[in-house]
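After the structure tokens below, expect a handful of questions from me.
Every chain is named by a letter (A, B and C) in the order it is written, and numbering of its residues begins at 1.
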Amino acid sequence: MRPAVSSSVSAAAAPPAPAVSEWRRAVRYLRRDVKVVAGFLVLGGLVLTALLGPLLSPYDPNAQAFDLLAPPSWQHPLGTDEFGRDLLSRLIAGARISLTVGFAAVLLAMLAAVPLGLVAGYYGGWVDLLIMRYIDLQWAFPALIIAVGLMAILGPGLGNVIVAVALAYIDDFARLARAEVLALREEEFVVAARATGASDLRLILRHLLPNSLAPLIVQATVSVSYAILAESTLSFLGLGVKITTPTWGLILSGARGFFTLAWWLAIFPGLAIMVTVLSINCIGDGLRDALDVRVSRAA
Amino acid sequence: MAPHHLVDLWDFDPRDPMLGLTAAELSGPPMSRRAVLRLLAATGLLGLAASLPPPLAAAGRGGHLKAGWNLDQFAILDPAFINVTEQMQAAANIFSGLVHIDAALTPQPELAERWEVSADGRQWTFQLRRGVRFHDGAPFSADDVLFTYQRTNDPKVGSIHRPRLANIEAVTKLGAYEVQFTLKSPSAAFLIATLSRFPARAMTIVSRTALEKMGPQQYKVTPVGTGPFRVKEHIVGQRLVLERFPDYFIEGKPKLDMVTIVPVPEAETAVAALRTGEVQFLNNVQAQFLPLLEADPGVTVLQGPDPGFQALILNQKTVLAFRDRRVRLAIAKAIDRETLAKRGYFGRVQPDTGPIPAAQKLYWRPEKLTTSPQAYDPEAAKRLWQEAGVGSLKVKLLTSVVRGNLRGAQVLKPLLEQVLPITLDIEQVDPSVYFKRQVAGDFETLLGGSGADLDPNDSIRDFFPTGAKFNSFGYSNPEVDALVEQQFRELDVQKRIALVHRAEDLIMADAPMAFTHHLIEYLAMRKEVKGFVFAPTPAWDLSEVWLA
Amino acid sequence: MRRYLCKRLLYAVLVMWGVATLVFFMLRAIPGDPVSVMLGPEATPEAVAQLRHNLGLDRPFYVQYVFWLWNLGRGDLGRSIVNGERVLVLLGQAAPRTFAIAVLALAISLAVALPAGIVSALKKHTFPDHVATVVAFLGLSMPNFWLGIVLILVFAVKLGWLPALGYVPLSEGFWPWLRHLLLPAFTSGTAFAAIIMRMTRSAMLEVLHAPYISTARAKGLRERVVILKHALKNALIPVITVIGIAFSLLLVGAVVVEEVFAIQGLGRTLVRSIINRDFPVVQGAILLIAGIFVGMNLLVDILYTYINPRIRYE
């Protein structure tokens, strides 16, 4: 589930250390962008829903207490599912899980990949060679296939999905971070810092990382939406979370075999995924413009 | 079948291993009605005979039948390895056996024209049909019977049906078209359990030349037999095309020119395809679609009880608490089977509390559901649980995507948890792990059961005696062991029924499993499909089918 | 250039060998047994052991590995353990389906996205541009399996215009073939179309601001000529490279689409074989997919030098 994209987010003409004012400018820019504002509003609503889940939910999402496959009604605004559970309650419960997977997987991928990329780019030589050979190996594989394989090994489960999706996206972040460092390494301010005797660690953390942040943030935003899609895809294939965990992808997967009998089972969970991913994409797109990061989608 | 039809069944000498049938009566064809009924009783098939098919209307011929099979792919068509019903349903049209069990459950001559049984019941001599050809043109003779026997019996081949040949001492070729089987001990069930085309499979005649030419692996894909249809094309996972075999040994059969079987894994699309006429025949219909199809004027739905049982198996080897009978019985009593059937299976299964299915009509007791020690009684369940003093219990429930048991697990879990302080942790594994762990007893609980139980032996003897074939869950009760052996040897049907009931009562009270239900088999076809007879055996014969 | 090519080819082979080796040992390290799938619930321990022996699965991993490499060198990928069919045949049947979906998806998305992107750029910040942008964002945000299901509900179930599932080979006629492919192709092409459209739009915008366009306009060339001949040609350079690479991604997106439409293509074959631990099929399919990926990347790099002569590989 990586409709394209990857390493090709790169800063246009390596910017010097962005002054604070530049971030401020970006924020000002963002506030004027309608789709970004809309995206934040929707995402905020979703986050709120995820946090307040049990309070908003009309019923226990796991209670098999109602008629099977009942169409939307006043009692069940989105109908009931193939086990007689309230679909709205399940979608609300699913919001928490989808968002958790999305953010956790990307965070994990960044924590693992960015240091790899920074180290590879900064030191070069055999360290670079070793890391890049691994990245190339992973690069030869579509992320979804990697995630499918990992899930076959790990077995179903929420934590396992997060790990599998994170691992599948490591190459994107590592490549990006490395490319940034390569571009920055010979910049004056880096050379100057090195000349003053700054340690490698300090150089990387204080100078290289902050200056690579803009494209990484944009890539991360895009990746969150992909991670959410990836989770739903894995769950749809039966290789995702445990069967008892209500995620949007799994709700759709469980409803296979009932679509023609109950259209609401097909429509609403998919809409939930789409709205979430759409809001994140809007934010990501705005960020890209605001931070003046050029992204060639796909590559 | 009304009881008075069975009268002449019961007047035989119980000490006679041939069930009171004389060698002459067992020889055939034709076999007398008395002999047939008795044979069926001996193998437990009699219950199924209740649904004797109606006489066929005048037949037409020709046409190309497009059929949908609700499965992923025809993984295996070689009889030596065929292991699921769906494969048999299709392969039955490619192969022949020495005899064939028809829809009326009568052994019919097939590759054997007639047979004689010696007075001691150990020598079975078959006169083979002449002029039969394999699909590749090779002639069929006694050598092919010998070859098939040797192949299935060769441990190096690894056939799963080798145990079915255990009672055979020797197979001898007496002439080009004459074969003799010598048995270790007389067995009336020999024809059906070992020699039938299907379900026996062990002696379904395979082609030596084809096996040698294409190798055992390819033979699983595009097998060669002597049946009414030959494999024209088999694209695994996409379609199996069978064409009329012009040299088929029965004049005027098959009636269809061509059969294309498409594996359709999605129940949803399979049903849609049947309704639009994309396929005209569907081997299995999932319960939620039955109302839709039953209301469709262009479609006929056929149904019959599935001979098997479903249960929550409680493994005493891995969960200490399950060694206490009260804990097991409490679980069995805590399951609301009516709700399970309704919510889990849209009411299209038969809720029950014991292993003997309705399909085994002679042995079936419908009152079990309410009178059995396992009958639903939440208060008694709670009391038993407290007496046992186990407190709260957390166990794993092993599931896989096989046989829809994931759905059953999801419905069973809350039903059980709302009565007892037990937590069922659903553990999902791939089929490649599931089968291995099931056989090895490497699980805590699982939703499982039995299929193709044509006889109480299949339902009881394979599962519950100490160390039985499928007893991987550590159940042992000497009394049950003794009763099961007794009923196995008992040839008086009345007495056997009583013994089976006593054994079943003990098993239900011991609750090595919490029995839940028996399946009902459904298939559907479009109205233009004529001549198909719903058989309770898995050999679905398309050779009589034609399109109007 | 030739030296570069040789180097890249060698590298591609090395990557694929690494991938194949990794997959080979990983498969054998995870729990699950293809033989128990093949024999099913009736299996006896003896039969399982015998078949494992017959298939060579009881040998040490490294021996199996050497045999596999040896056979691979001779072009023999082995046979499926679960159904006995040759892996080459299975992949040979699966690949054309996946390719057909991908090619058609590509065609549909280009036919929609290129004009939409151009118009969007020319009419920047007008109503058509906004519509195109919104549609593109929707396309990017939909899970493609869900889109597939919705399309089935509408076009197959409700309207009955197109078949809901399956694949018909081209040999049974062009129209039946196309009818079965339309929904899957549309499903997997949507996200891709959105990407192409956005790419085309931004590339066009950039080119339209370039000095030579102003020059062309100043020369008094008609607007149509300026756009079609000068602007479009240059704007397409990045788009074409994107198409090349994204094509292999389309092949992968097929995993899910094939599952929804029950088409036994590469993706479905791979996923099913992983679940069944059907070692030879998984290894063959992975090798093929990795090959396509590596090959496509290589092709795009080479193509790039032709389209953009400023780039030279050393």
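Heads up, the rule we're going with is that a contact is a pair of C-beta atoms (placed from the backbone, for glycine too) under 8 Å apart; a residue touches a chain by one contact, two chains touch by 3 or more.
Fair warning: this is a prediction, and the values are worked out from it, not measured in the lab.
A.B. asks: So which chain ends up closest to the centre of the protein, judged by Cα positions averaged per chain?
C.D. replies: Minimum centroid-to-centroid distance belongs to C.
A.B. asks: Sort the other chains by how far their Cα centres are from that of chain A and give me the top one.
C.D. replies: The chain farthest from chain A, judged by C-alpha centres, is B.
A.B. asks: Measuring centre to centre with CA averages, how many angstrom lie between chain A and chain B?
C.D. replies: 49
A.B. asks: If you average the Cα atoms of chain A and of chain C to get two centres, how far apart are those centres in Å?
C.D. replies: Centre-to-centre distance between chain A and chain C: 22 Å.
A.B. asks: Report, in whole Å, the distance between the mean C-alpha point of chain B and the mean C-alpha point of chain C.
C.D. replies: Going by mean C-alpha positions, chain B sits 42 Å from chain C.
A.B. asks: Taking each residue of chain B in turn, which ones touch at least two of the other chains?
C.D. replies: In chain B, the residues touching two or more other chains are 266, 272, 401, 429-430.
A.B. asks: Mind pulling the chain A residues that touch 2 or more other chains?
C.D. replies: Residues 152, 259-260 of chain A touch two or more partner chains.
A.B. asks: Show the residues in chain C shared as contacts by 2 or more other chains, in ascending order.
C.D. replies: Residues 157, 275.
A.B. asks: What part of chain A is in contact with chain C in the complex they form?
C.D. replies: 1-5, 35, 133, 136-137, 139-142, 144-145, 148-149, 152-153, 225, 229, 232-233, 236-237, 239, 249, 252, 259-260, 263, 266-267, 269-270, 273-275, 277-278, 281-282, 285, 296-299
A.B. asks: If we count contacts the way the header does, which residues on chain A are in touch with chain B in the complex?
C.D. replies: 62-64, 68-69, 82-84, 152, 155-156, 238, 242-244, 256-261
A.B. asks: Sort out for me which residues of chain B touch chain C in the complex.
C.D. replies: Residue positions touching the partner: 72-76, 78, 81, 83-84, 155-160, 162-163, 216-221, 235-238, 262, 264-266, 269, 272-273, 276, 278, 401, 429-433, 435-436, 438-439.
A.B. asks: For chain B, which residues count as touching chain A in their complex?
C.D. replies: Answer in residue numbers: 266-268, 271-272, 286, 288-289, 292, 343, 346, 399, 401, 406, 409-411, 413-414, 426, 428-430.
A.B. asks: Give every residue of chain C touching chain B within the complex, in rising order.
C.D. replies: 31-34, 36-48, 50-51, 54, 79-80, 82-86, 90, 93, 156-157, 160, 163-167, 262, 264, 269, 272, 275-277
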